Structures are given as C-alpha cells and as structure tokens.
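Paired with subunit B in one complex and with subunit C in the other, subunit A is shared by the two complexes that follow.
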Partner chain A sequence: MKLDANARYRKSHEWVRKDGAQYVVGISDHAQESLGDIVFVELPAVGKAFKQGDAFAVVESVKAASDVYLPMSGKIVAVNDALEGAPDLINREPYSGGWLVKFEASNPAEWDGLLEPSAYEAEASKE
Partner chain B sequence: MAPFAGYDMPISYPTGSVEEHNICRRSVGLFDIDHMGQVEVSGPGADAFVSGLVSAPVLDMADNDARYSLLLSEEGTVLDDLFIYRLPGKWWIVVNASNRHADVAWMKSRAPASGVAIDDLSDAVYMIAVQGPNACRLMDLASGGKVSPMTRFTSAELALALGGRSVKALVGRTGYTGEDGVELFFPAEDAHAVWQGLLDLAAAHGIEAGPIGLGARDSLRFEAGMPLHGHEISPSINPVEAGFKWACDFSKDFVGKAAVEAVAASGPARKLVGLEVTGGVPREGYVVLGPDGKETGACVAGMFCPSVGKYAANAFVRPEHAKAGTVLKVLIRDKEKDAVVVKRPLYVPVYRRQA
Partner chain C sequence: MNLTPEPLVYGLSSPGRVGVVLPESDVPAAPVPAWLERESLPLPELDELTTVRHFTRLSQKNFSIDTNFYPLGSCTMKYNPKANEAAAAHPSWRNLHPYAGETMSQGALELVYRLQGILAEIGGFEAVSLQPAAGAHGELAGVFMIRKYHVERGDAHRVKILIPDSAHGTNPASCTMAGLEAVTIPSNAEGGVDLEALKAALGPDVAGVMITNPNTLGLFERNIEEICRLVHAAGGLVYGDGANMNAVTGVFRPGDSGIDVMHFNLHKTFSTPHGGGGPGVGMVAANATLAEFLPGPLVVKKGAAYALATPAKSIGRMKAFYGNFAVLVRAYAYVRMLGAEGLRRLAENAVLNANYLKALVEKRWKVKYGRRCMHEFVAMGDIAEGVHTLDVAKRLIDYGFHPPTIYFPLIVPEAVMIEPTETESKETLDAFAAVLDRIADEARDNPALLHDAPTTTPVGRLDEVAAARCPVLCYRA
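Right after this comes the complex of A and B.
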C-alpha cells in the first residue's frame, strides 16, 4: 500500500496532514483500493465544526456508501470541489488531488495521538 | 470476491468496475458466468409442456431461435426470468443461479407423468458471455467467420478454435449488456481454453478485451433496461407492475395467466420507473417520496451509470407518479434528494437502435 510519510492516520483509514496553519484530510490508498471505484462524495458545508471521530463526509463506491471520520476536532475551512465532477480523483491520487476537506484544528494536541505511517500500515495489513 | 449463489464471484477485476463497464461499451467484455443454470427439456410432450410453463410464446419459434421469457407462479408473480433456446428436438432453458434448484423443482412438479424429460445440466456446462461492439469480430476469428452472419436472438452449434483446441459450443447471439455479442455454452473442461483463448486471440489481433465483474455486469444491464431477478422482478412482483406484459402471450395458456390478466384489467397498484437522481447515489431499499411529500415507493436498484454519467434508480412507485417528467424525491441517508422519472432504458441497446 502507498503511504504519505508526512501524514498521520486513523485506524478507520483517514489520513491528515499539516497544511500551513491548517490541516488537510483524505482517505488512504489502502481504503480507496478496498472500496473500489469511487462514484460520489458528499462533503460538509464550510464553517461546520466536528469533534474528533465525527463522521464528516460520505464516500460512495460502486459497492457501498462509507462514512469518513475527522481525525481531529476542528472547523471545516475548505472542501475539494473537484471531487464533484471527478470523484475518482480519490482512487487515482488519494494523498494529493483526492483530498476531501481542510480544517482548522480546535485541539492541535490530538495530532500526537494519531498513527504514524508505519503503525497504520501494520494496522491496515491485518485486514 | 463475493459469495453468490454458492459461487465465489468477482465484484470487479483489478481493472475496476467503471473501466470494465467502459471496455464492454467500447470494445469487448468477457463475462465468466458459469453460475448461470442450464436446463434441457425434451421428449414428445416437451413443446406443449414448455409452452404452458412460460409466459412468452414459444411454439412459433424456429429451431435455433432464442427468446426471453418469464417463469410465473400461479399467483402471477415472477419466479425467474429465462432465456429459452429452441434447439432441434429439445428446449434449452437458461435460468438464474440463485433460482436454479427451485426452478428445476417447479418444472418437475408441473411436468406430466410421462413424455417430458427435465435435465439440469448446469454443472457439466460452462457459460461465458462475450459482449461489446467488437465481440462478433472476435468470435468470427474463433469460428471462421460464422458469428457475424447470425441474426440476433438465434443460436448455432459452432466449432471454436481457442487455446489450441477445437471447442464445440452452442453460441447464442444474445446478451445482458445492451451491446451486440454472444453467450457461449460448452463443456466445463474447456473453460480455461475458451477464456484465455479469447483474451489471447483479442490481443493477437489488436482488439481491446477485458474481464468484467459483477459490478459492471450490473451497471451494463441496468443502463440497458434489463431486469435483475430479486430486484425489478421477484416472487412478490407481477409482470404488469414491472412493465413485462410484452413478455406474456395471452393468446395461449400459461401458469399464472389468469392472475396477470386480473392485474392488467384492474390496473397495477405500483409501477416500475427509472429515476435520475441528483446529489447522491440511490440504492436498493431507499424510500421514494411523491410530490405530496408522502412515501410513494422504494428503489429496487440504483447506481452510478458510467455510459450516461448519471446516478439512477429503478423504483416501484404509485401509478399516478409513474409518468416521465414527474418530480419525486429519494431519501438518501435521511436527506431528500431530487429525482425525476425518466424513460427507460437510459442506454438504448445497440440492436434496438432502428431508424
């Protein structure tokens, strides 16, 4: 599985990366591969606040709809509009063009509790 | 992979469902559909028996003709849908995998004491479909040019040169994708020779071809307006509700006829419609709301349709909401999403595109 060395991960297959003062979130390469072709993405409204672990988006593949959970508490400041016309960006570029949202962290210390790439890889390979 | 009617079936190959769908529309898709069942009916009483068993007319079929039909209960609901081939001296009936054993039991329970033999040949027979605009060209290469001259909905016994063997196959100019192509029936021991042989032959002649999983099989048939048993048709659905009166021959007797006629006369309580949905992927079981905001029905299938680039569902709704252009709502994760009734099929099958 491909990993982004600069990102931290959740067991539920989201990645989060520092992006200046903000954070950017997506789903892992392992997740997109398990889901199969992504055909629709439902993103939250900009300005909406979520707690760590809240479902903030839905990714729909050919097979099923899956909730995506925010790895840290925060307020949405941007959503990836390109996914509306090209949801398969998540399949093709899970760590770059396929990002979901950017957020402002309300508790930056939560970062330290997330999985480092090697730890996530170990978790994901158990599946 | 996923379990399906006792078979381990690929939802998609590494290609991915959307691209598999597109390969079939663009060139050639190969479908490993050995799970489908094949039942042979023969004997002096076979013609009369088959005619009385299935909804479609069959006695007018010439040898080697193929025709779609329904298998109905006495209550006029759909036990299964079938492809029936009239072969010299026998009937060859293709049934759905999940209904195979029930269909065979049903046929035997209706058969006269003598004069009709019913043989389930599913285990000995392998089935592969070859579908797409280049499918007949590929099959011509394997058959010495014998497939292109066949008319649609006919069949022929052909010798196929594949995988270094000569494989004797029943070739039907039929399919389940909306594309031209064939369905092949041949001895199970030739399965690998045929599958790999077709892929190799295509590669050798520069014809793009790839394997198609269940996901793309579903989106191909859905766009083309073909039903999937357990969804658009089922043992709780009447053919009139699902728009399959055309597959019933009311000039003959068949099991379930009286019940179907009664529904046709009184008008169905619900009708199958196509819905184009905005803002989400409709799926089986999702509730449909009428213009009055009240529940009018539910989706029986729904998905992203790659060839039309839309999200669409098939749903049963109250008849007053079934007209094309009617604006409805589909509840997707408790949110109302816009849906409009559209004419089916979304993708007009190649062989129906007449001037």
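Right after this comes the complex of A and C.
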C-alpha cells in the first residue's frame, strides 16, 4: 500500500495534508484499491461547513457507493472539479490528482489526533 | 451456449416482407387526423420463421435457473415448479378481468384470502397485504406504516430508523424514500447486531429498527428477542426484512420474536419467477399493533362471500388493482403442494445444502464468520496475489455457473455470497465446489485465466466503468 508521508489519516481511509494555510483531503491508496474502479464522485458545495467525521462526499465504484468523512472540522474552500470528468484520477493518483476538497480548519488541534502513516498502515492491514 | 453473435432484429429486416396478413377490416375506417400521421415508422419487416429463429436464438443465450446452477446469495434462485405455471395459466384466472367486480371474482378473492391467512400463519402475524410488487416495495410500505403509527400517536418527531451495517442496501433507501433518516448500527464480532451500539442509538427520536434475520451473512440473529424488547422499550417498532425467509419457513415465526411488520418475497421463498422471469410480490405482514395500517385493499370474508376492504388507518394503495395476482396463484399452488411439513423441510434442506457446500468450500477459501450458517454463507475471493473476487466470479461463468453475489455484504472485503437453495442436488453442489477448487488452482498457477474470463460467452469481460459512466440505453441505427 502506498502512503503519503506528509499526510495524516483516519481509520475510515481518508488522508489530510497541510496545504499552506488550508488542508487538502482525499482517500488513501488502500481505499481506492479496495473500492475498485471509481465511476462517480459527489462533492459538497464550496462554503459548506462540516464537523469532524461528517460525511462530506460520496465515492461510487463499480462495487459500491461509499461516504467519505471529513478528517477535521472545517469549511470547504475548493473542490476538485477534474473528478467530474475523470473520477479515475482517484484510482491513478490518490494522493495528488485525485484529491477531493480543500478546507479551512475550524479546529486545527484536531490534526494531532489523526493517525501517522505508520499507524494507519497498521490499521489498514488488519482488515 | 449459442456463441454466434445475434444481429438486431433490424439487421434481419427485408423491405416488403410480412409475417402476418391481417384480415380485411370489418368496421368502417375512421380517418386519422393529419397531426397524428407520421412520415415514416422504421419497424423491422420479417417473416414469421425468421422472427421465431431470432427470438429462440436470443433465448438460448439466456442464463436461467432452468439451465444452470444459480447460487446468487440473498436472491434465493430456487427452481420454480412448472405446476405453478400450469395453475397460473388456467383460463379461469387468465381470463379474469380486473374490473369484473366482486361477485364475478369470488374464486380469485378466495385464493387471495386463503393466501393471506397461510402467510400470516407462516410469519406469526395478524394480517397480510399482498399488494407490494417487490421486496423494496414491501419495505417502503412497512416504513410508511411505522411512520404513520408514530404520527397518529403524536410522536412525529421520531424520524430515525436504525439499520445494521450488514443490511441490504434497500433498507436505508426505503427509509430515505419515506422521508426518514437511516442510521447505521455496527455488527459485533459474531456478525450479529452490536447490542451496546443499538442501546446507545435508541432514543425518543427513533421510529424503529430494520432487522434481517437470518442476516446477509447467512447468520441467525440470536438476540432477536432482546433486540425487539429494547426497541419496544424505547418506543420504537421493529421492521423485519424477510428476504432470507427461505432459511426459517415452518421453523421460526418472526412475529413470535416481537417483529411488528415484515415483508416476505413470494418471488424468493415461495418459488415465483424472478430475476427477469416475472414481476415480484413483496407482501407485507403486520402484528396487531400495525395491522390496521396495512396497504389496502385486503380481502375479507363477509358471511359466505369474499370482499375487498381497506383497513381503517391504511397507508393507502401501494399498487394498482390487487397486486400481481398471477404471482399469487403460483405462490398459492406452491404452499398447497408443499403443505406445512413440506414448508419446514424446504427450510431445513436450504440450510443443509448451504452448510454442506460451505464445508466443501472452506477447505480452500476463507469463509468469514465460520459458525454454522443458515441458507447462505459469505466466502472471500482474494484467493491468490493479484486475484480478486470479480475475477473468480467471471471465471465461474466459463464453467457454466452463475456467479454468486459479489462485493456484498459490504462489511466483508472481497465478499462472495453463496446461496445454493434447497432445490439443488448433492451432485450439483459437489460439481460447483470442485470447480471452485479448480479455480483456486488456476489463481495460483495461471491467474491470466481468471483475469481474461469469461472466454466462453458471446461477449467477454465488459468494461464496467464505461457501462456505468457512458451507458448506451437506446438502439442506434
């Protein structure tokens, strides 16, 4: 399983990375591998606020539709429009071109409670 | 299987060719208004023999329970006895007009009345409505009933329905359709409902819980009585998803365990055709608490006569006329052929067949939750490095078996959900297990055989992404 060393993770397979003053979110390589070919992505409206752990997006593969949960509380400032035409970016580049949204954190301290790459790897390989 | 690609019927057309010559009109011709006239109508022109061959060849490409083993988990693809068809085709049913009226339809009403009573007895319920036309339709009826019950009591703030994470996807969909909010409850290590999580989620905003028993892992929910007690104590009601009734018919009556409202699929347990073979019936049954909310009309007996009646607080109609009546005739024929003892034996043999097959399969394949299963079990298809469940499913087609349900339930990675039903012989189960063994060998020695499968069908591996993203739904010349 590929990991991004600069990201933090949640057990539910999202990653989050600092992006200047903002944060960027996607799903892990392990998650895209488990889901299989992704065919649709439903993203939230820019400006919408979520609490940590709220479902903010839906990723649909040929196998299943899955909610994606925001790793930290915050307000959406950008969504990845490229996914509308090319949802398979998530399969090909889960940590770069396949990002889902960027947000402004309302409680940056939540970052410290997220999983380090090694801890996430241990969790994901238990499945 | 007939492997030759079959052209579209338009490709067989030849200008001016006719199959049927209609007689001269024996009524005066009425002029068609000019605005209704078309310049052209591109219908195919064929003779009768070409038409018959075309559709016969298409039918030979069809995969069905009448041709091959069909272990599609949670779908109960059992053999549907042909006696059912003979009963339904009888002219006295077939020629009955839906507007014939009650006095002209006493026999049909009596059949519905009797079937309502038999199914209420099998489920342990007060009353049954045969209106809903599918399992999810029955679920929707049940959720509407639960909602109306609370609203009538002035309890309209109960808007949440709790659903285990192993449930059929139709359960949360039915809640959403009914305007309620679906909340997921995790499973415990045994594959049952996590009681602590259930207790934590229950409260004054909970309308009810939807439980499938046996659940989609093929496991009996041992805490069903405790679950019903907890939900009732919190003011909620319990919906039973009867998709898996085939495992318990004549053995366990869900109504006795405290379930308030439940659907059964006549097109699964009661052997009426489905999976493209015909319309369904997702009948809904209710206990005394909810019986008056059932969708109408039901058939009632008034003196010696049968009549249609809608319960006092009914949620209303779920279907035009009286549901899918011809399906009810098939189910009635089936339950009367089996009798009480036969219905119990069908469940016992469904469970025996599943456990026999599980014992064969788990020698090579991982089976999630190893305890004794009911009518189905869930194996895992990642048998070798780089091989996935999808590859195993496609390879099974090459060996003449319908693939099991795959990637469901969602809580089992690489799920392969196998339901043999009671109608398969030991020889068929042995042959299926032997093929799975052979596929396990292939996965280890020559995985390309799996990745390239199927190769024995008119079309090979389909591009599922393109099919989902850019479906072509209309004929294009």
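In the analysis below, the second predicted complex is superposed on the first by the 127 of 127 C-alpha atoms of A that agree within 3 Å, B and C clash if a C-alpha of one lies under 4 Å from a C-alpha of the other, contacts with A are read in each partner's own complex, and residues count from 1 in each chain.
Convention: a contact is a pair of C-beta atoms (placed from the backbone, for glycine too) under 8 Å apart; a residue touches a chain by one contact, two chains touch by 3 or more.
Keep in mind that what you see is a predicted model, and the values were worked out from it rather than measured.
Superposition of the two complexes onto subunit A shows a clash between subunit B and subunit C.
Residue contacts after overlaying the shared chain place A:Val62 against subunit B and subunit C alike. With both structures placed on the common chain, the touch criterion links A:Gly36 to subunit B and to subunit C. With both structures placed on the common chain, the touch criterion links A:Arg92 to neither subunit B nor subunit C. By the touch criterion stated above, A:Lys51 is placed in contact with neither subunit B nor subunit C. After overlaying the two complexes on the shared chain, residue contacts for A:Lys2 are found with neither subunit B nor subunit C. Stretch 277-285 is the one of subunit C that runs into subunit B, the other listed stretches 115-123, 277-285 or 331-339 having no clashing C-alpha atoms.
Applying the stated touch rule to the two superposed structures, the overlap between the subunit B and subunit C interfaces on subunit A comprises residues 36-37, 39-40, 60, 62-63, 88. Those residues of subunit C that touch subunit A in the complex are listed here as 388, 390, 406-408, 410, 413, 464-465, 468-469. By the touch rule above, subunit A contacts subunit B in their complex via residues 36-37, 39-40, 42, 58, 60, 62-63, 65, 88, 91. Residues 34, 36-37, 39-40, 60, 62-64, 87-88, 127 of subunit A are the ones touching subunit C in the complex. Taken together, the subunit B residues at the contact with subunit A in this complex read 11-12, 16-19, 215, 219, 279-281, 283, 303-304, 311, 333.
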